[in-house]
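Each of the two complexes below includes chain A, the first together with chain B, the second together with chain C.
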Partner chain A sequence: MSEADKTGVVKNIRNEQNAVVLELRGDIDMSRSSELREQILDVLQQKPAALVINMTDVAFMDSSGLATLVEAMQLSQRHGSSLRLTGLATRVRSVFEISRLDTIFEIYESESEALS
Partner chain B sequence: MSSDSKLKPIEVKIVADPNYVSVVRSAVRSAAALVGMAEEDIDSVNLALSEAITNVIRHGYGGSCDEPIILNINHLTDDPDGEALEFVLRDFGKQVAPETIKSRDLDEIRPGGLGVHIIKSIMDEVSYDCAEEKGMTLRMVKRVKRAP
Partner chain C sequence: MAMEHENISEEAVIELDGVTKSFGTQKVLDGVNLHVKRGEIMVVMGGSGCGKSTLLNHMIGALTPDSGSVKLFGRDYATMTDEELAETRMRFGILFQSGALISSLTIGENVALPLREHKSLDDNIIDIMVKIKLELVGLREHADKMPAQLSGGMKKRAGLARAVALDPQILFYDEPSAGLDPVTSAQIDQLIIALTRKLHVTSVVVTHEMDSAFTIADRMCMLDLGKVMRIGSRKEFEDLRDAADGELKSEQDLLIRQFLRGGAEGPITDRQQSSGYADDLSLVATRTQ
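== the complex of A and B ==
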């Protein structure tokens, strides 16, 4: 287990069975979406069976963050990985709903469901 | 603040740097809470403002820079359509014809280009105008639904 930079968008990266769990934190907007993109690309290079993004500690996300996740989903499909999201607060989930992307992503209520 | 008093006008000025967008979100959250806006609507308005400022930085100024972005928040209490918060966002960047600013097709699954759609989905009124000398003015209005 490794703890990322305390001010970074990634709180923690863990290996769980065949999945990598990326725990995010704070606000995800234009100021941090490129950092998130780099972190996701690094994980996808490992070609995990699944990448679970836990957003329990994400208080706010705008379409900059959403664009990063759309790109991540498309890249994960090319790498043969499954991208799964969990821990979405109502205000974060609403960005997906307004953009009609809530049905495109695999969204789980809990991390254990996302890993099962 | 009591429910029958009027919020005094607020002006927030930042540089066009993505790191300062959260400062505007904090101000918008506080202003909306002062007029008693429902929490769900505060979250939505905050999202719309974040999208609007991001668009100014990305498209109006072509990236992060030290040019100004000014947000004015006005409490409309005499509006015939009901009490509302008015947000007027002013930049001094590139001008574009207002009629060309449109939402993109949501059936196309690709990163980016969702900001205008999100703003128009959330706000009750949205209008873009070219400012007199340079830059754009974006006026957004959100009716105040009070927290139960």
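== the complex of A and C ==
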């Protein structure tokens, strides 16, 4: 088991301006996506104006991770929040691309762009 | 040499060493050695009865070799516990020749089945995953249809959506182009390439469709009479296919070339014609004067 697997999927939660920034870490697969889901649901209950998910430290994401983010977008839209993604590694981005989810999500090159 | 894709590593995720299998007195696999690298598309080809399907069945653990070993992800099937076997099976997906959809379930329910059986995922997450999988194969808007309402190509794509439901690391394809028209077949080829490259999976494709094989393969393996005749890059096989008579050094090269070209004349045909017809007719194999 890798070091990342021994620790939680959320590395850090920060409040920035009108947004909450969720920093993730490690591979997000079926064994960890439900933990991510709980954390996201917790944050969205606070109804932030924007939720920025920073995936700089995520090397791999499977379809359960994608589905968790899609659900997060459904919920954030219901709450009037905006969901933004940043820090997608090439391999993670390619999973979004083949699923054509890159056309659905707001994806930013950097966290500062996502926050601006 | 054909340029290797950047996702391909030297690490073998499938290792067959000295695999021999007989059914009754017929030896179907005879000392097969084949290692498949992580991230590559390996095409296994050969004529009917060459042992392709038997080889595939060994790779998925459905058959046990009489001798030799079959390893997936470094683990030998022969020494796996039931738990390890179940865990290994969740790491690969299979696209069966028929699509193998359950006729009483909708396409969406077919894709959801492995997710519901194997994972404790929330229903909403499963619903979203099913939509993602169907979008991958271009069938999202057909989720509520029954298999009988789909064309052959659509069934194949639905089968593929189900095969990738659990995000497998290896995908096995059994004759993916069989029974499809050329356009649909070409679409399936592109899907195999896209899934392999974008999802970083390893693909093993068993086929005798040469157009498809030369479109998708990183490496190719030619089987004949249960033995590996040649393993090489797609470029090596293209060179062999395009070689003139004088450039071929052996009977084996001629045989492979005949298969790749689909020619009616050559060593394969000669072998069939000289296979004891006179003996079968209880004749002395000499010409009547």
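Following the convention adopted for this analysis, the second predicted complex is superposed on the first by the 110 of 116 C-alpha atoms of A that agree within 3 Å, B and C clash if a C-alpha of one lies under 4 Å from a C-alpha of the other, contacts with A are read in each partner's own complex, and residues count from 1 in each chain.
Keep this in mind: contacts are C-beta pairs under 8 Å (C-beta built on N, C-alpha and C of every residue); 3 or more make two chains touch, one makes a residue touch a chain.
Not measured: the values here are computed from a predicted model.
Peer 1: Check chain A with both chain B and chain C modelled on it and let me know: fit or clash.
Peer 2: Verdict on chain A: clash between chain B and chain C.
Peer 1: If you stack the two complexes on chain A, which partner ends up touching A:53: first (chain B), second (chain C), both, or neither?
Peer 2: Neither chain B nor chain C is touched by A:53.
Peer 1: One more residue to check, A:36. First (chain B), second (chain C), both or neither?
Peer 2: A:36 sits against neither chain B nor chain C.
Peer 1: Check the residue A:62 against both partner chains and state whether it touches chain B (first), chain C (second), both, or neither.
Peer 2: In the superposition, A:62 touches chain B and chain C alike.
Peer 1: Going by the contact rule set out at the top, does A:70 touch chain B (first), chain C (second), both, or neither?
Peer 2: Touch status of A:70: both partners.
Peer 1: Look at A:27 in the shared chain and tell me whether it touches chain B only, chain C only, both, or neither; answer first, second, both or neither.
Peer 2: Only chain B is touched by A:27; chain C is not.
Peer 1: Considering only touches as defined above, state whether A:104 meets chain B (first), chain C (second), both or neither.
Peer 2: first
Peer 1: First (chain B), second (chain C), both or neither: which does A:91 touch?
Peer 2: In the superposed model, A:91 contacts both chain B and chain C.
Peer 1: Mind sorting out which residues of chain A both chain B and chain C touch, each in its own complex?
Peer 2: The answer is residues 29-30, 62-64, 66-68, 70-71, 91, 94-95, 98-101 of chain A.
Peer 1: Could you please specify the touching residues of chain B with respect to chain A in the complex?
Peer 2: Against chain A, the touching part of chain B is residues 18-19, 21-22, 25, 40, 43-44, 46-47, 50-51, 54, 57-58, 106, 109-112, 114-115, 117-118, 121-122.
Peer 1: Report the residues of chain C in contact with chain A in the complex, numbered from low to high.
Peer 2: That would be residues 119-122, 124-126, 128-129, 132-133, 135-136, 166-167, 194-195, 197-200 of chain C.
Peer 1: Provide the residue numbers of chain A that touch chain C in the complex, in ascending order.
Peer 2: 29-30, 33-34, 37, 62-64, 66-68, 70-71, 91, 94-95, 97-101
Peer 1: State the interface residues of chain A toward chain B in the complex, per the touch definition above.
Peer 2: 27, 29-31, 60, 62-64, 66-68, 70-71, 74, 90-91, 94-95, 98-101, 104
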